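Below: one structure, written as C-alpha cells.
Think of it as A, B, C and D in the order they're written, each chain with its own count starting at 1.
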Amino acid sequence: MQLHHYLLFSALLFAVGLAGALTRRNAILVLIGVELMLNAANLNFIAFWRFLPEAPAMHGLLFVLFTIAVAAAEAAVGLALIIAIYRHYRSTQVDDLRSLHG
Amino acid sequence: MLGEGIIKGMAETARNFLGSYHDAARLTTVEFPEDKIPAKESARNFPFLVHDGEDAMQGLRCVACQICEKECPPKCIFIIKDTNKKPDYVGKLQFQPKVFDIDVSVCMSCQICVEVCPFDAIKMDTDFELGGSDRFGGLLLNKRRLAKPNSYYHTIHPTEAAEVDGRLAAEKAKVEAKAKADAEAKAKAAAAAAAAKAAAQTTPPVVASTPAAVVTPAK
Amino acid sequence: MEIPFAILTALTLVSALAAMSLRNLVHCALCLALTLAGLAALYLQLGAQFAGFAQILVYVGAVAILVVFAILLTNRGDQAAATRAPARSWVTGAGIAVAVFAVLARVILTSSLATGHPMVDRGSPTVKDLGMQLMTQYVLPLEVIGLLLTAATLGAVIIALPEKKTPAAAAPNH
Amino acid sequence: MIADLLNGIGLLLWRVVSDQPDAKGALLPVLPAVLQPVVSAVLSVAPIIGVFASLFALTTLLERKGLGRIQNRLGPNRVGPFGILQPAADGLKMLTKEDIIPRSADKVVHFLAPVCLAVPTLLAFAVLPYGRNLVPLDLDAGLLFFFAVGASTELSIFMAGWSSRNKYSLLGAMRAIAQMISYEIPLIVSSVTVVMMTGTLSPMHIVEHQAGFIWGFIPHWYVLTPWGFAGFVIFTIASLAESNRSPFDLPEAESELIAGHLTEYSGFKYALFFLAEYLGMFAISGLGVTLFLGGWHAPLPGLEWIPSFVWFFGKLVSMVFLFIWIRGTVPRLRVDQLLNLAWKFLLPLALINLVVAAVWHFTAVWTFPGALVVRWLLGAALIGGPYVLLGSALSGAKKNTLRVYRYAT
C-alpha cells in the first residue's frame, strides 16, 4: 500500500462529505458532512505520519487526537445550536433560516 | 450518612439468604404438586351435586327443579328434566335431572345456586385442580362428574354437612312421624273410606312447607 | 495488506455515501457511525492504536449518539425523513465536490509524495510515549484543548437551555 | 501424528493448569503450518466464548435461586436435580419461540441491533488477563480498547429501541443511553486513578503491579488503599448502571416500560440481548477485578500453587454475587435520582479521588515508622470528608415531612 492510496481515499471521503454538506438541506446532515470532512483530514495525518520518514515522531498522531477533541466539541456545540434553532423556528432546514435575507 | 440504609438493607437480605437454609420457619414455600396445604373448611370454588348412598345416579338429591339454573348469574347451569321419577330422602317420588351440566369455565363461584337450592342437593366443592388439555369438553362438567357422595361433603365441610344432615334427618323424622300419625288416624278411620281419602290429601301441604324450612338455616 | 485496505475503504466509502444520501435521518446517523468505525479500523491498520480506539470511543460512543439524540429531538420521532434538495442545487453541490476531488487527486498524483513511499517502521508508539509527549512538548495545545472542551460544554448547556422559564416551573415545591 | 496431537493437547492443558507460559506453543508446532494461525485464533476465542457462555447459563440459574433465597423462596428447582437444567430449558424455550418482527419496524436495523450489541460485548473479553499467562490479547492501550468497545454498545441499544417503532422501546433506549453515557464518566475517571498509579493502560501490567504483600500477608491490591477503595466503590456503582442492573434497571423497568428496548424482541434475538447483558456484566466485573482486586493474584501468600485463573474466576463470581445481592436488596431509582447520583455525587467524588491518588503517590517517599498507617488515614480523611458532605447534599437536601393532603383527610 502506498501513501497516495490513502490520500486519494481521504480526498474521496472529503468530496463525499463536501457534496453532502452542500446539497442536503437539513442542518444535521450538513453537520454530518462536516464531520466526514474532518475525519478525512484525520486520515491524512495518520497516513503522513505512517509513510513520511522525515515527519516528527508523533506529530501526526497527536494532531489527530487534538482534532478528535475539537471535532467532539464542534459536534456538541453545533447540535446544541441546531436544537436551539429548532426550538425557535420549528425547523432544521437550512433554507428556512432567512431572517437576515433582506 | 449516605449509604447507611443500603448497608442495613444488605445485612437484612443476607440474613434472609442464610436464614432460609437453616431456619424452616423462614422458608414457608410448600412445593405444590407433591405437598399441599389442606383446604380450609371455608374454602369454596365450584359447585358439585351431593348424592346419598352408593349409587351416584340413584342417590342424587337433585330434583331438577331448575331454580339454580334460573338464578345462576352467568347462566352456567344446564338442566333437562327426566320424565322418570325416583323417591327422594323422605320416600316421596320426585323428578330427577336427565342432564345436569355446569360449565366451570363460565362459573364465577358466587354460590347462589347453593343458597337457592331447596333440597340441599348442590354444594360448593374445594377441588381446584381442574386443568386439562380439552378447553371445551374438559371444563363442561356433566352429572356424573359433578356427583359426589355425602361422605365427601362431610370431609370437606364437616360442620356444614353435619348441620344439613341433622336438618334432613329431622325433616325425615317429622315426615315419618306424620306418616305414622296419619297411618294411625287412617287405621282409626279405617271404617270410613271417604275419611281415608281425605287423610291422603293432607300430605302435599307438608311438602310445600319444606323449602322455607330448608332455606332459612342455610343462611 | 491489499485486501484489508480494499475492504475497509469500500465499506467506509459506501457507508459515507449512504450517510449523505439516505432519506431517513436516523439511517444517515447510523451510516455515519459505520463510516467512523471504518476509519478507526483504517487507523488501526496503519498502526495508530491509540488514535483508533479514541476514534471509536469519541465518535461511535459519543458523537453518533449526540447526532441521533439531536435527530430525535428535532424531528418528532418517526417523521425523520429529510427533504431532498432541488435538482439544480444538487447538481451544483455535486459539481463542486467533484471539482474539489479532481483538484485534490491531480495534486496528489503529480506530487512527489505519490512516488514510492514505503511504510515507515515507526515501531508501535506506546501510550506512555504519547502521554510523555502530551505532557512535555505538546502541553500547551493540551491545555488549550482542555479549555476549549470546558467552554464547549458550558456553551452547549447554555444554548440548549430552555429560552425562558415559565413561572410555574420556577415555583418551589410545597 | 495422532500421538503427537494428543501429546500436544495434553501439554497445552498441563501448561494452562500449571500457569506456564506459551500454552499454545505446545500444540501449534505439531500442526501443519496452514492450520496454525486458524487454530491459534480458535484457541484464544473458543475458551472465552465457551467459558463465559456457560458462566452465563450458570449465573441465570444462581441469580434466580439467590434472589429466591433472599426473599425466602426456593427458586427454580423443577428441571433436573435442584433445577440445574433450568438454563437448558430456558435456552430451548428461547430458541424454539417464534421470531416476531413488528410490521412497521425497520426490519434491517431491527435485525442488526442484537448482532451489533453482542459483537462488541464479546470483543471486550479480549484484553482481560484471566491468569498469569492467560491474556488473549495484550494491548498496550487495552483499557482504552475496553472502554471503546463498551461505548459502542450504546448505539446498538438505540438501534433496538428506535427500529421497533414502539414508544416503550424508544423510551427505554433513550433512558439506557442517557444512563450509560452519564455513568461512563465516573467509570472511566475511577479507573484513571489506577492508570495514574501504574502508568500503563495494559490490563496485564496493571495486574502485575498488584503483586506482592504488605507486611507479608496483606495483598498489595488497590482496593486496600483509600483511593483504591473509593475508586472500587465508584466503579462498582457505575458498572451496575453500565450493565443495566438493578437498582439502575430503569431502561427495562418492567412496571413502567414493559421491557424497554427489548419489548419487541422475541426468541433468539431476545436471547442474544439477554446474553449480551450478562456478558457485559461479566466483562465489567472482570475489569473491576483486574483494576482493583488484584486480578489473578492469590489473596494470601502460600496459595500461589492454586492455578491463577481459579483466583480470577473466584473474584469474578464474587463480584457477580455482589451484583445479585444488590439486586435483591435495593429498589429501582427514579430517573432524576439516577442522573443526580451520577453528576452530583459520583463524578465529583471520582475527581476528588484523583487528587487522593496523587497524594498517595507523592507521600510514597515517607519512610518514617508507621508512615503507611499515616498515609492511609490521610487518604481516608481526604476522600471520606467529601463523601459525607456530598452525600448529605444529595440525600439530606430534601427533608421528609408529613404530607398534607388538600382534599382527603
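Throughout what follows, contacts are C-beta pairs under 8 Å (C-beta built on N, C-alpha and C of every residue); 3 or more make two chains touch, one makes a residue touch a chain.
All of these numbers come straight from a predicted model, not from anything done at the bench.
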Problem set entry | Between A-C and B-D, the pair with more C-beta contacts | A-C
Problem set entry | Whole-Å separation of chain centres (CA-atom averages), chain B against chain C | 78
Exercise. Which whole number of Å gives the spacing of the CA centres of chain B and chain D?
Worked result: 61
Exercise. When the centre of a chain is set as the mean of its C-alpha atoms, what distance in Å lies between chain A and chain D?
Worked result: 35
For this session: Could you grab the centroid distance between chain A and chain C? Build each centroid from C-alpha atoms only and quote it in angstrom.
Result: 6
Exercise. What positions in chain C touch 2 or more of the other chains?
Worked result: 50, 54, 62, 69
Exercise. Hey, what residues on chain A touch two or more of the other chains?
Worked result: none
Exercise. Linking chains that touch, what shape results: line, ring, star, complete or other?
Worked result: line
Exercise. Where do chains touch, given as pairs?
Worked result: A-C, B-D, C-D
For this session: Note which residues of chain B are touching chain D in the complex, please.
Result: 1-3, 6, 9-10, 12-14, 16-17, 19-21, 26-29, 31
Problem set entry | In the complex with chain A, residue positions of chain C that touch it | 1-2, 5, 9, 12-13, 16-17, 19-21, 25, 28-29, 32, 35-36, 39, 42-43, 46-48, 50-51, 54-55, 58-59, 62-63, 66-67, 69-71, 73-75, 82-85, 89-90, 92-94, 96-98, 100-101, 104-105, 108-109, 113-114, 116-120, 122, 125, 129-130, 133-134, 138, 141, 145, 148-149, 151-153, 155-157, 159-160, 162-163
Exercise. For chain D, which residues are in contact with chain C within the complex?
Worked result: 109, 139-141, 144-145, 147-152, 154-155, 158-159, 162, 165, 170, 174, 177, 181, 184, 199-201
Exercise. In their complex, what parts of chain A are in touch with chain C?
Worked result: 1-9, 11-20, 22-26, 28-29, 31-33, 35-36, 39, 42-43, 46-47, 49-53, 57-58, 60-62, 64-66, 68-77, 79-84, 86-88, 92-93
Problem set entry | Residues on chain C engaged by chain D in the complex (per definition of touch) | 26-27, 30, 33, 37, 49-50, 53-54, 56-57, 60-62, 64-65, 68-69, 72, 77-78, 124, 126-128
